[in-house]
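Which chain is which? They are A, B, C and D, in the order written, and residues in each are numbered from 1.
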Amino acid sequence: MFRKVLIANRGEIALRVMRACRERGLRTVAVYSDADANAPHVRFADEAVRLGPAPPSESYLKIDAILRAAKDTGAEAIHPGFGFLSENAGFAEAVRGAGLIFIGPSADVVRSMGSKTEARALMQRAGVPVVPGTEAGADDQVLIAAAKDIGYPLMVKASAGGGGKGMRIVREAGALEAALSAARREAKAAFADDTIFLERYVERPRHIEFQVFGDEHGNIVHLFERECSIQRRHQKIVEETPSPALDESLRQKMGEAAVAAARAVGYTNAGTVELLLGPDGDFYFLEMNTRLQVEHPVTELATGIDLVGWQLRIAAGEPLPRKQDELRQLQHAIEVRIYAEDPAAGFLPVTGTAEYVREPKGPGIRVDGALESRQEIPIHYDPMLAKLIAWGADRPSAIARMKQALADYVVLGVTTNIEFLREVIAHEAFAKGETDTGFIDRNMPSWKPKSPAPTDEVLLALAAGESARKSERSGAAGPDDGDRFSPWQTLGPWRPGGAA
Amino acid sequence: MQSTWIHGDEKHTTAVRPGSDGLTIDVGGTQFRLERLESSDPGEVVLRNGDRIIRAYFAARGDERWLHFEGRTYHFTLERAGGRSRGGEASEGDLTSPMPGKVIEVRVEEGQAVKSGQSLLVIEAMKMEYDIAAPFDGTVAKVHFAAGDMVDAGATLVEIQVPE
Amino acid sequence: MFRKVLIANRGEIALRVMRACRERGLRTVAVYSDADANAPHVRFADEAVRLGPAPPSESYLKIDAILRAAKDTGAEAIHPGFGFLSENAGFAEAVRGAGLIFIGPSADVVRSMGSKTEARALMQRAGVPVVPGTEAGADDQVLIAAAKDIGYPLMVKASAGGGGKGMRIVREAGALEAALSAARREAKAAFADDTIFLERYVERPRHIEFQVFGDEHGNIVHLFERECSIQRRHQKIVEETPSPALDESLRQKMGEAAVAAARAVGYTNAGTVELLLGPDGDFYFLEMNTRLQVEHPVTELATGIDLVGWQLRIAAGEPLPRKQDELRQLQHAIEVRIYAEDPAAGFLPVTGTAEYVREPKGPGIRVDGALESRQEIPIHYDPMLAKLIAWGADRPSAIARMKQALADYVVLGVTTNIEFLREVIAHEAFAKGETDTGFIDRNMPSWKPKSPAPTDEVLLALAAGESARKSERSGAAGPDDGDRFSPWQTLGPWRPGGAA
Amino acid sequence: MQSTWIHGDEKHTTAVRPGSDGLTIDVGGTQFRLERLESSDPGEVVLRNGDRIIRAYFAARGDERWLHFEGRTYHFTLERAGGRSRGGEASEGDLTSPMPGKVIEVRVEEGQAVKSGQSLLVIEAMKMEYDIAAPFDGTVAKVHFAAGDMVDAGATLVEIQVPE
């Protein structure tokens, strides 16, 4: 196996990949922008190379700079993480062209799956059901005509899009033209490509995706589903597995479709087949993500498989460690995404400084994060701060743990969606598994945080915290702090220690 | 040490008198004798009030204070002697940008009457478009930006006259 | 179910139980000695009651004070944790006598299993194999005579003993008398009872224990084995499940014996049947622990079952959540015990202050601990600082994660066994699963820490740390730390934050 | 800032010269230009030496220093101007108690010759008996405690004369 890996990413996913490398004795190389000069992923690596200024286009998207960093440090393989260049066929090509190992599928697969329309055509040939809709590239007149056949409601989607960017739901013909122009504008801004297309909008659908893995010896397996239906602004915020909507036979049908989809393109390494599931049990191919997924931890916890570990082994040419019949869903796992955003103001991203951060811990709790106290949230990158995962023997115990973990998750100084997520998880509709994509609009419309008047206990803690702050700032040291170096030394009466 | 705290539109006053073996805190006229528990976590505030343990997390920036207690985060602003306080809320009539970004489209003009929820302008940030809607009925008194302008977080975008 | 639980214990196990309570919305009451006035378990609870001075006899062992605390706070149930009063029949009786729920088995079961000789007799009647040996209570002359029949090597054991206290291995007749007196002296000191007995010493044995659970409706299941053979001074330091020594048929035989043992005494709640396994596959009943085990986390991670959660549910009268055939070993888990001790000096316990502590984290890693930076290690209690658990799809991945986690576990200012444990886990004999109780004497005799000369990188970090300390102590603040309260504010150039 | 460190029986000298954009550290005559990375963890020391990241953990008490680097913990003692340093090692001839406890039995007397590994006395602590054995051959010069005495950690139990 290769001995040094460059991680072409930042934040929690860079840390996640580095941990998997270190367990296997592989050295790690971080890359960073000026905004990340002191970031956790830089401090965690064995080596670190600067790419450029903060904007992604000048750093994390600079293929040449990344390849140079690999060359200078002697890295033999590159892991793209997700986002940034992870689904850029040119990058996969350039990495291999430079004689390095790209930890992901072939450039051709990335390219064909990168175009929704090509992917759609491929899947139709492979016999995987797709949503009725138009080809991409048509002008507005053609689309408006086609809309009549598809029928309403329908969706306007960007050909190069993803994560809801450039997506519009249109419920009657009158609103179509405005939606087309808005979608084109967003698509152009986001992807420098304003190609759009239409497809049927399935009411109360569920977003069910299957984790697939292929090796270079022609073996392909799936690691079961993840339900990611709970979304805001068409972006996932809650993911879980198993899905409360699937029974064994449906799970098997969908799993086989996912494997067929992967086989149709000769898929290698980790990928995800996204399917749309209607209330009637019909499902349609949406798209295939040719990379590790943000929500991969729920699959790791439910199946016991280390997905990043498998990525490394397969990239090194090893065969898949397990056959399909050796894979099982052992436990129930739920992930929520912690964002710096304001759920009460249309989930707008917010920036600022997280003055104090305390992650929950305990049995059945995992936090994949790179957020620290006193950390500024850079405006240049995705505002996801961390992922909180809770698991247990069954769905109710995973939910109970998640509720408590969200209550214990402390992020002060910047607005987050933590309280919102708590109410999602605590909602009876969630307990009932009624988690289609309309969950939030239906159950939590125009949500506002309850902001009760502070109780006496809150005011007591506030006053005590303030007085400790004052004595800290006046530099008073605790009696026997004499010659000890300690960051807490100046906290005055707040000397720590379990024993007197 | 006495402090007055602004929480939403209420005010709360606390007074702390440290003693040798604990501290006395006055909240709204009631006196509490408390013991502080030492913690290695500098943001952790733990008090013992009889048998009851109060564990909270505290942070400060400028005149702002955040306190996390039993799963809820409370935001306070310290009232300065003059009564004026840095980083206070914007007055109800102003509509400020919740984030840094670029104005894509302005959909109202000055003098125009708007209804609560009506779209005023569109801001683009992080490659997404965000609709800035009127929080209440009123009349547009001033529009501070035009399409194409960059705006900072907290910048006043539109001033809306609230009908008396 | 009851709504408020008093935890009659301290340290990590008190925290573990409180977490399980909070997930279920149960309020928690901590008790503490003067040495623990600021301890983590006190700060974590909803309420806390002082018991008395530091010595256990004046605090954590004071039954009346604990019952008063429960009464004053309105606690409806008491969890004893392990150690202290957890296997004290009088306590179980007193708790129930006070009309409270004791989270554990009946007082009679605790009493009969508390006496090795009575337990042994019970098991013989139940058809569970036991090690050849003598009854307890005989005087030295009788024991010396009996020794001839049992044969050498044999063990001298304290009747009321546990955790190796009062145990002696005797390899030839000449050494017997000295061993008897030493064992009696230790037993008297430890348990105020110098009753001892003899039993055959099985060469290269393995310590295999089975987790059992009984409810109040007559159901009993086992949750498979834990191998705890790697011991020093007859105390476990490494535990894992599944055991590399068991195949399916042996696992089933031993599991059935464990259930038979539990059934023989009408066992309720969580218990552990300790068995001695010889190289020949013969196994003998050793003792039954009538409480939660220190090493319970490996079973939780391998089976996906929350053992403390089950304890609470069963104590509330619920039936066992699962039948035997619904329980499986899903993953491999290993636990190591982090002790404040000096492995290079006979594993002597050490006291002192942990000036700085940093726990490992990441996928497949769990830390059950109550150790914090600046914490004094109280001399009065067990010197175990924390438990580190690593798990994975198979034994090799669990081992790989454990190795890395031990390398990442930082405890500065007090001597620990962390480096020793790293070498145990990294040893090829461990990789081969050759983990009988002689592992340490055979593979790591008179172990000493490698203390290589510091490299340039070590000295660079030392110098940088020292200069930061100096600027910290001179109180220099970073430029823009102006009006922000931060514990790190006085660290001078060391301003944190992921983004510049 | 120059410091001399005692590690085992070696000495190491380091000198730090902070600069505006980093610091220069001299180790045994070699100069290193390093950059410090800020961390929210006050015990974390992170340096960048070219592409190489050096991440270590540091703590101090009195003249003692601990440094954890790549899975290993190093213990240093700061050498004081006078050369004498607080909390230094006991001289080779003394046998100190590794822990607080109670002396159960003394098995040697003054003037007696002892062999390395020979049991000198038995201490009880945490309900276990610990055998204190001679670390080397020699003659017992002094026994400081008798059976029944309580001893503190670090207390000299027995002095052993090493044959020249």
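The working rule: contacts are C-beta pairs under 8 Å (C-beta built on N, C-alpha and C of every residue); 3 or more make two chains touch, one makes a residue touch a chain.
Just so you know, these numbers come straight off a predicted model, no measurement behind them.
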Comparison of C-D and A-D (more C-beta pairs in contact): C-D
Chain located farthest away, centre of chain C as origin (C-alpha): B
Gap in Å, rounded to a whole number, between the CA centres of chain C and chain B: 47
Where chain A and chain B are represented by their mean Cα positions, the distance between them in whole Å: 29
Touching two or more other chains - residue numbers and ranges from chain B: 38-44, 59-61
Contacts with 2+ other chains: residues of chain C: 37-38, 353, 355, 372-375, 469, 484-488, 491, 495-497
Pairwise touch network: line, ring, star, complete, or other: other
Pairwise chain contacts under the document criterion: A-B, A-C, A-D, B-C, C-D
Contact footprint of chain C on chain A as seen in their complex: 16, 19-20, 22-24, 34-40, 297, 300, 304-306, 309, 321, 330-331, 353, 355, 361-364, 366-368, 370-378, 392-393, 397, 400-401, 403-404, 469, 472-473, 475, 484-488, 490-491, 495-500
Touch list for chain B against partner chain A, complex: 1, 3, 5, 7-8, 10, 12, 14-16, 18, 23, 25, 27-28, 30, 32, 34, 36, 38-45, 47, 49, 54, 56-61, 64-74, 76, 78, 98-100, 104, 124-131, 153
Complex contacts: residues of chain C adjacent to chain D: 164-165, 182, 185-186, 189-190, 233, 342, 345-346, 348-353, 355-356, 358, 373, 379, 382-383, 406-408, 410-413, 418-419, 422, 450-454, 456-471, 487-488, 491, 493-497
Complex interface listing, chain D residues touching chain A: 37-44, 46, 48, 51-53, 55, 59-62
Residues on chain C engaged by chain B in the complex (per definition of touch): 29-30, 37-38, 42-49, 72-73, 372-375, 483-488
